[in-house]
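Let me begin by handing over the structure; questions about it come next.
Note that the chains take the letters A, B, C and D in the order they are written out, and that residue 1 is the start of every chain.
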Amino acid sequence: MTIEDCKHVALGDKVPTTIRIGDVVIGGGFAVIAGPCAVESETMMLDIAEAVKDGGADMLRGGIFKPRTSPYDFQGLGNEGLQILKKARKTTGLPIVVEILDTRDVAIAEDIDVIQIGSRNMQNFALLKEVGKTRKPILLKRGANATIEEWLCSAEYILAEGNPNVILCERGIRTFETYTRNTLDLGAVAAVKTLTHLPVIVDPSHATGRPELILPMALAAAAAGRCGGTDRPLRRTVWCATVATGPGVADESPGRRHPPGGYGECRAHHRGGGSQRDQAAAGRLVRIARHRPWTPDALGPVSLRVLQGALTAPRPQSTAMPIELSDQ
Amino acid sequence: MTIEDCKHVALGDKVPTTIRIGDVVIGGGFAVIAGPCAVESETMMLDIAEAVKDGGADMLRGGIFKPRTSPYDFQGLGNEGLQILKKARKTTGLPIVVEILDTRDVAIAEDIDVIQIGSRNMQNFALLKEVGKTRKPILLKRGANATIEEWLCSAEYILAEGNPNVILCERGIRTFETYTRNTLDLGAVAAVKTLTHLPVIVDPSHATGRPELILPMALAAAAAGRCGGTDRPLRRTVWCATVATGPGVADESPGRRHPPGGYGECRAHHRGGGSQRDQAAAGRLVRIARHRPWTPDALGPVSLRVLQGALTAPRPQSTAMPIELSDQ
Amino acid sequence: MTIEDCKHVALGDKVPTTIRIGDVVIGGGFAVIAGPCAVESETMMLDIAEAVKDGGADMLRGGIFKPRTSPYDFQGLGNEGLQILKKARKTTGLPIVVEILDTRDVAIAEDIDVIQIGSRNMQNFALLKEVGKTRKPILLKRGANATIEEWLCSAEYILAEGNPNVILCERGIRTFETYTRNTLDLGAVAAVKTLTHLPVIVDPSHATGRPELILPMALAAAAAGRCGGTDRPLRRTVWCATVATGPGVADESPGRRHPPGGYGECRAHHRGGGSQRDQAAAGRLVRIARHRPWTPDALGPVSLRVLQGALTAPRPQSTAMPIELSDQ
Amino acid sequence: MTIEDCKHVALGDKVPTTIRIGDVVIGGGFAVIAGPCAVESETMMLDIAEAVKDGGADMLRGGIFKPRTSPYDFQGLGNEGLQILKKARKTTGLPIVVEILDTRDVAIAEDIDVIQIGSRNMQNFALLKEVGKTRKPILLKRGANATIEEWLCSAEYILAEGNPNVILCERGIRTFETYTRNTLDLGAVAAVKTLTHLPVIVDPSHATGRPELILPMALAAAAAGRCGGTDRPLRRTVWCATVATGPGVADESPGRRHPPGGYGECRAHHRGGGSQRDQAAAGRLVRIARHRPWTPDALGPVSLRVLQGALTAPRPQSTAMPIELSDQ
């Protein structure tokens, strides 16, 4: 088995795939997906959705089935969370990205815009086949210890069932380094762009687990994605978009529905984070404005300026709940 | 989240768990599980089952749903394979171990003796919960990049649903070393025995991918499992059993049902193997006789002698198909 | 021991360190270091040096003591190589970077411009102390399995002896991924810039081992280095420079002095490379022109354009030795 | 470069190498090397040496040049430490094993019995060549991220210089698992025994960093080493010996010579250790008696009994310094 055998995934002479989701085109420029780890309550989700929209992100994400290491961590609101997400989509107009864990839940695909296959399920082949039978865009995260070949083979499972809408997402691999949560493998991003026609995006938030590294890694991901190989003329290049998933929101308000500590794991993703101050810094990425139209020459000055602007903007007052939330 | 929070898994004052499966007791001595990677045909499976029985193994394994990296590799015979396995069980009297990949397949638990959750599904939480609702013994393989804590948390998912019959199985972790297929982490075996009351077994075949290393690693696993911690008296020790899963069988006979190359991935597990000669060497482990009763003092001379005997026995003629198969 | 204890290395209130080497300022913009793995002969080295100069690189590198995995691989020309390098410096005007392996060789520091401590010697503490007694710039490569903390502690060894001129160089860490030679850890680059005032550079060539990934990773490195932390105003930012070390040159000409296969290991670094065509592609990076002055807004259009130009330029004819060499 | 090219290291038809050091034969049975991480004072070293001797160990180890991650950790007593070690050798009659870090220190080989090349220096080729010019036994630790091939190539460096007395030592590789300090790779031990005639020993203490895992891993190492390959008759088998290096000793007595916290790194090796109670448990291994003569059948009952005896012996009172020290 080699990558060449992945006939649907392999680049060959194929034109780079772009995937249209509402007004957003993945594979066509720099796009930002943002949102909380989990939908925890309607108030929380609508607040964040508003901030994500105001920040200029392109799509909204939020988990309703949460793959938690421990069975005692918050497992997601399920159908109730789905209804909240749909309301947030209606309010903001942003397409929604939702992770599915079980073949029996694929039916909710009707209600959402992008199905996420999480890193732990990258080789859940039954699930891959099932989502391959839909025509929904599938955001396929690389497993934390998956080789490039295994990642592409998992994409092939989906494509072989007839669904051509696969978005690859690098989210960090597991290494000996413990300072960052995982090691973002941008070399794999560039490599994959020489091997396949599929769009590749990057999740700098889960990969690094450190708010202060999200922006540099988002920029680096954009740069890594600019050129896919020696011989490929620029017009055929598939651009990197960036997924920025915010850390969990600390929500201590009484009456909110979720078990105490339910957002704990999300926060634990973010070593050295957790303070309101750090979370606020991370959250600013959401407010990034994007330059359109996107041209090869435009990356540097424009997007850098807005990204830097986002980073150096005055911080919201951390005690004011609405603003605090808006930083997620 | 710490291991201490895994209230069902944590050792505390609990007595080591032993799990009875027919006449076999896992957690009570040295046991061998053997069989081919996948059920490929009735003839093949019955031949191997006979060899496994003759070799003195305690349980028979064989895959009917195969989690393959590539969608074009043999995906298993499904229900047809199940019927073959049941026939093999009837012939040999050995309990059968079968991997399940999908929540929708848990119903076949009625027909088998042990459900295997494979390494790629260790964090398929929907599947863990579903098998937790049965009372079948669950053989839970450690993910190739799972930490000890994550592994135990996955066991907790099963136990928290009410199924106490979990067997942990170390099968090698993914590291930079490429000489062996994975790196068998026997330190984790010994560590886990200080942390939980569950039995731990080891898969030296998939871990090393090299026939010549199966026997030394089986011995090392037995030794690693002998003592679980500083303060625990020996009578409370949970013993290691060893899973020896044979490599795929090269079966070139016309008329056998499986796609060409269907056993390829299995063989690929075994770097440097693949030749009939190497496979035969690996297969000999199956013929290991076991010393009973199992006492602390008995490890060395007796089991070593039989293991060494198995290894130095005259090789079967590699051209004779029945004998060749019996070496699997 | 924490990074904060590394009093010389820790950022604190310190101004970012810039290191002047001739006309080059490391820590002040985008710089390129290029050259062959090993000095193999005078003709070869002078040819390459000319190409490196023409390509617009800032410094020249070439090994004279080679740390080879095997004792039978070419071990370097030693003093003869040093004389050749000095001649190349005289011809091109470029400062020279040379790796030292042994405390007894530190005396040659007088003759060179930058001492490189290779990845395998990052924790050769005797050597670190010895080069710490000089005042030469030290290019300290991160060990292939060194944590960030260990890397910075090694830098502290040098600084603690009184030599403030340390340049950190990320060159890929060893992971399970085998498609690339190592995994370039740009998250560590960004992280280190929040932790220390030292300049950080990146070696995309040895990290990826694939010619087609050198350019995207050089760009990504530049982007990762643009912003070092949440609170640091841009004027204090330390910029990433990029080390582009070319692969070994295939030199089959009779009469050249080195053992047959002496450049083998270098070529082996570059999986999938090795053909003249691939090597030529890699070598083009050397011809990158750099935009000066370097301003925050200038990254994208200008440097991208020249980098892309370098990549899409017509290839040299692979049979013509002078041009082939100029691609190194 | 393949292992077959390592003509001195490769097994071929060679008889397994045994190395005689005084009365000890490495490669001929189960041997124990024990001692503190660093020589910290004469009183401390002589106390420990006595305990090591009483415990039945075969050789004494103690560092006088310490390769410390931080320049501010205790760097060893140098020549003063050497004199102390020589006194300890005279008192106990045990051969001494000492690590050398610098080519300039190889001259002390005259005064010691075994030169240790530490894991960080496994690819310090200048040092390898220099010790290869002596005829001293060299204990070559595997680098924490070295492949088997690299390890054997490093041994080849020593043998190629004319010194045939190389002892390979597996001491754990660096992986993502953090529960243990490193991951003891016993599969590599068994693999190496099929590839080379050199003796292989194991350091379960530094590998696991957890006192409670030293004994099970020592046993597992012995088991892994029992059979080196499919075809090799037992009389040719090279047995594993076990290096048990104790953790650093907490020495708070006034007037002892070393900087405060000087033993910190050693202790840090041992996660979850550090308390006197844990250190005492670790230290008991030193008191292991060994069964002689060593025969294939004798491993199990006898050595297990003594090892278990060592582990379940009443703990020393942690407040009594002499006894506490004797547990190191």
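Here is the rule we go by: a contact is a pair of C-beta atoms (placed from the backbone, for glycine too) under 8 Å apart; a residue touches a chain by one contact, two chains touch by 3 or more.
For clarity, every value in this text was computed on a predicted model and none was experimentally measured.
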| item | value |
| --- | --- |
| Where chain B and chain D overlap in contact partners, by chain label | A, C |
| Greatest separation from chain A - chain, by CA centre | D |
| Between chain B and chain A, distance of the C-alpha-averaged centres to the nearest whole Å | 36 |
| Chain centre separation (chain B, chain C; CA means) in Å | 47 |
| Residues within chain A bordering two or more other chains | 145, 149, 174-176, 178 |
| Residue ranges of chain D in contact with chain B within the complex | 145, 147-149, 172-173, 175-180, 183-188, 190-191, 193-194, 207-208, 210-213, 215-217, 219-230, 233-234, 281, 296-305, 308, 311-312 |
| Residue ranges of chain B in contact with chain A within the complex | 1, 5-6, 65, 67-73, 101-104, 120-121, 123-127, 129, 143-145, 149-150, 153, 156-157, 160, 174, 264-265, 268 |
| Parts of chain A lying in touch with chain D, wherever the complex brings them together | 145, 174-176, 178 |
